[in-house]
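Shared between the two complexes below is chain A, which has chain B as its partner in the first and chain C in the second.
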Partner chain A sequence: MIDFSSPKHRSKFGYMLLAPAVILMALIIIYPILLSVDISLQDVRIARVGGTQAPWTTKNYDWLINSEEFWNSIWVTARMVFFVGGTSLVIGLATALLVNQKFKGRALARLFVALPWAVPEVVATVIWAWMLDSSFGVINWLLLKAGFISEAIQFGSNATAAFFAVCFVMIWKGYPLVSIMLLAGLQSIPAEQYQAAKVDGASVWQRFFYVTLPNLAPVIGVTMVMTTLWVFRDFSIIYVLTQGGPIGATTTLSMLTFEQAFSFFRMGQGAAVGVVTMIICAIISRALVGRFAKSVH
Partner chain B sequence: MKKRSLLGNFALYGTVTAVCVVLLFPIYWMFLTALSPRTQLRSYPPNFWPRDPQWNVFSDLLAAQPFGLWMWNTIMVATATMILSLTIGVLAAYALSRHRLRGGQPLGLFILTSKMLPATLLVIPLFAIFKSLGLVGSLWSVVIAQATLIVPFATWMLKGYFDTIPAELEQAALVDGCSPLGALFRIVLPVASPGLAATALYAFVISWSDFLYARTFLATSESKWTLNVGIATLKGEFVTDWNTIMAASLMAAVPIIGVYLFLERYLVGGLSAGAEK
Partner chain C sequence: MATIDFKNVQKRYGQFKAIHDFNLHVGEGELCVFVGPSGCGKSTILKMLAGLEETTSGSIEIGGRDVTDLGPGKRDIAMVFQNYALYPHMSVRSNIGFGLKMRGVPKADIDKAVNEAAEILELTDYLDRRPRALSGGQRQRVALGRAIVREPSAFLMDEPLSNLDAKLRTQTRSEIVKLQKRLGVTTIYVTHDQVEALTMATRIVVMRGGVIQQVGSPDELFSQPANLFVAGFIGSPGMNFFRGPVEIENGKAFTRFGEQRIPLGQVPQKLTAKEAIFGIRPEHLQVGETGVPVTLSLVESLGTEKILHFATPKGQETDAIETEIVSDEDARDKKTMLARVIDDRRYHDGETIRIALPEGKVHIFDTVTHEAIV
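Right, the complex of A and B next:
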């Protein structure tokens, strides 16, 4: 029996504690990633472990480069990231500033403002699907009543409407995270900076632009990267609301990966799209990882 | 600090109320629809107040749909995932926090990036693996697949908590003849219990909300479905029965909302785990 409390063996004890996690991750993350690269280089419909001994082929990547669907999904993803990210930031910042005010019942307001965070994505999606229903939905009723539209919007079959429907759900699910993170950021701004600005005669807006925003910038950056990655990877909202339709109007990269692999059973092509998505996500998340590595040293 | 005027106060409370009403309207609408009699749903203008609440919708749901079973499956999966990730996460996080290990930092980076993997990619090789192991259609497939996200997550969150506990605490115990593992279980974990609870609940919430893995691995065996798969399927049916769906959704959302109300003050630490450290 090794005595783990002796300094000589202390690091051995550390490695022992780490072993289960390392083994598990190797089995369920690293091996599957390697396998998915392998699958993306095979001409397979339904992938099996060790199914084919055929040499690798770039067929799936050739398909990808030449397929309209792939470029369409990149365009859809980019627009979605832009619109969802931008709107979530505005709503998140506005709500964070609001509940950062001093008033009675502030704790309760903070709970409420971020409550959509706690609604599971599938549930959030079906609520919105019902609210956006073309014949009995409350949103069409309100818009008709207010005179903004003359006939009900068909969120299911109109490509533009479907795109925005997905965006609405994503914004509703996504802004609470922005709000929570920015509120934490606001609370860490030293009060002296505001007092100094006040003494110098800065207006409310000047204080916002010269004190609040510069202090908040790093948190905004991190939050936007997180929101972007989330939109990139999201599956549930799009699948439940539109299944990527109509005619690809809401098919993001993530949706295309799933569609190829499990709706059309072309797992080779699905894996190829997935590998490209993973590389894009890795590039985006470098922004986060870079910060992490810096703060460690 | 200057006192706000009466008008200013009024404006502030008015804004807060208006914002909450608009942002939380979908949750209210779910509640209202679930309790409305079926015939009222297709009425114009819609009712904005429950006139005739049908409380029996929940008991009807449990009786008619295999809904109770789906709920049970969801609880089983979430509990198993929580236990698995917490056990492995505690050991790894403690090692990363206390021991200067060679390879510790790359591992930390790996944990961080693995949270950013697109799940729709991972699901393809996992499907191939589970197929060859005969796990497709078993709840375990979902537990294992969810662990790809939740184990790194729990490890990272717990490491943050362990970092805040002074190492002198266990060193004192070690000097008194306690074994290193004993020091972890008897000294560190009790002190870290709020962090453990927050991480456990967090893992539970993530697992409860999963749709992709359950949809992919359990699709063909209806008795193994989780709540989310059931709700999504009800929505996809030709004639959509909105008040059943909303009642089911409400029952799926309430446990998570409850956890959220309890967790809120730990939320920032969890959401930004790894992002801001």
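Right, the complex of A and C next:
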């Protein structure tokens, strides 16, 4: 019998306690990943688990490299990540700075800033889909009334309009999280640092630049990783608004995965897109997290 | 270098009056220490002087210039904070040079000034480190460096030593005094530690509840406290108090301590009451052959120095003024008196000794106003 309280064996006991959780996690996380890698290496249309295994081939990846759709969706995803990420950061930071000030009704303002985050994604998107509708949507009506446009914008068939409509809803849905995280970051900056900077003669902008931003850098990094991954993965907003159209203008990698696997029933190709997406996400988060973590230490 | 003047300065937070009518003149090159218990408004008055808090009424002048409505950056002052408030993402060099950079000083001049300051503070080897890679004492020196590099007309320091351990605190304390003497910059130093105040200050301002209690040199505060509060606050251990009757005979005043009659010397002019509160410092009590017999309840020995505890004579305790005396080093039982002796005699708990109260060392305070009667 091993005495687990002895210093020599203590760590073994820890591993033993961890083991069930680790094994469970491995099954839940690793298995689907392995499965999709496996499928991506088979030339199958509808994959059946437990059926006869098709021989491994790189056919799906060959298709990937040479397909215009794939490169288009990478391009769409990249633009969307930059646009949504950048805009959410700016709006999130601005609102966080705003509700970090002392003023009457601050609690209410904070609630309003966080509100879009609390609305379920599909519900929010359906509402926006109505509002953006070209014949009876309120957005077009407002723009027409105000005289900004002379005829209704066709969010369903105009590629640029569709792209920005999707981005807009993503930003609307995504900035509150950025704002909440940055607000938490702002509150953890010691007041004395601002006081010291004031005594040192720093102006408002200089204090923002030399005190606020550097102190927020780690939070900004983490938030950007989360937003990036969210845009990469998001499916419901695009699916409800545009189904990836028109002519692929809003087909991101996750839309492409879905299309290949469940619209065209080419699960092998869909899985290949999914695997590539996963690898890109892993690289991005590793790079960003490492980068910003370093800037603090 | 500059003088600093507070004229009828007040501060309110909503209904709460943090500072009542504060008037003070600080001379050029003085090291003026504000001392008082927690929450007495020391930091508030310092922040108002720095321009970090708005002044509710009254005016503040630095070097004869009214700065009441100027921003902190325009007052030509430097401040050292309790938790150093260094910028964690900048090197020591950038931290020290930050104030100059904000003022648009050319880079070459900043480098020169930073190197000089670093030399004075012995920080030269650490200039390229981040603050987190420094010890507490080194961080404090960086904060000082940030203050001296700008050559401001005044230094403001808010409890700069309270995050350091006891030994480093004593050491840094004398370093600050030396630095201040050498630079000759008018300095206001805030602390709640009366020992720090006594050892550093050229002048001490004792505050309580937003009101100045007494202003004076360390000696003055020690030998002529203006009221009960100052008497109990300054000195460690603080002054002993007991209630006693006032008896006057042939132009001489007396009181009683236990069974014994205590001579108080000439009758002070203002002494008219039948009763008063009397105070005597633990170091002025004399152990000897004559005097009042008391039984020691506790003997604390610090080598040759001993603190003897004994009960205040029955009926002479000062419970009524308990809240009045806030000695910071120990919440003292008000029914106990202390004597501080330095001799080679051995004392034990329970022993009965004789204690004498020498004439001229007994302070007299009004029972109602708690002001000193002289």
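Details
Throughout what follows, the second predicted complex is superposed on the first by the 261 of 297 C-alpha atoms of A that agree within 3 Å, B and C clash if a C-alpha of one lies under 4 Å from a C-alpha of the other, contacts with A are read in each partner's own complex, and residues count from 1 in each chain.
As a working rule, a residue touches a chain if its C-beta (ideal position, glycine included) is under 8 Å from a C-beta of that chain, and two chains touch if they have at least 3 such contacts.
The shown structure was predicted, so the numbers you read here are calculated from the model rather than taken from an experiment.
Contacts of A:182 after superposition on the shared chain: neither chain B nor chain C is touched.
Using the contact criterion defined above for the overlaid structures, shared-chain residue A:249 touches neither chain B nor chain C, since it reaches no partner.
Of the two partner chains placed around the shared chain by superposition, chain C is the only one that A:210 touches, whereas chain B remains out of contact. Once the two structures are overlaid, the count of chain A residues touched is higher for B than for its counterpart among chain B and chain C.
Contacts of A:122 after superposition on the shared chain: chain B is touched, whereas chain C is not.
By the document's definition of touching, of the two partners only chain C reaches A:193; chain B does not.
In the overlay built on the shared chain, the residue A:81 is in contact with neither chain B nor chain C. In the superposition on chain A, contact of A:165 is made with neither chain B nor chain C. Residue overlap on chain A between the chain B contacts of one complex and the chain C contacts of the other covers 295-296.
Those residues of chain A lying in contact with chain B across their complex are 4-5, 10-11, 13-15, 17-18, 20-22, 24-25, 28-29, 31-33, 35-36, 39, 47-51, 91, 94-95, 98-99, 101-103, 109-124, 126-131, 133, 135-136, 138, 141, 145, 172, 177, 180-181, 183-184, 219, 222, 225-226, 229, 232-233, 235-236, 239-240, 253-255, 257-258, 261-262, 267, 270-271, 274-275, 277-278, 281-282, 284-285, 288-289, 292-293, 295-296. Those residues of chain B that touch chain A in the complex are listed here as 1, 9, 12-13, 15-16, 19-20, 23-24, 26-27, 29-30, 33, 41-42, 44-46, 87-89, 91-92, 94-96, 98-101, 105, 107-114, 116-129, 131-132, 144-145, 147-148, 151-152, 155, 174, 179-181, 205, 208-209, 211-212, 215-216, 228, 231-232, 235, 242, 245-246, 249, 252-253, 256-257, 259-261, 264, 267-268, 271-272, 274-277. Partner chain C is touched in their complex by these residues of chain A: 190, 192-193, 195-203, 206, 210-211, 214-215, 217, 295-297. Note for the complex: chain C touches chain A at residues 47, 50-52, 71-74, 77-79, 81-83, 85-90, 98-99, 102-103, 132, 146, 150.
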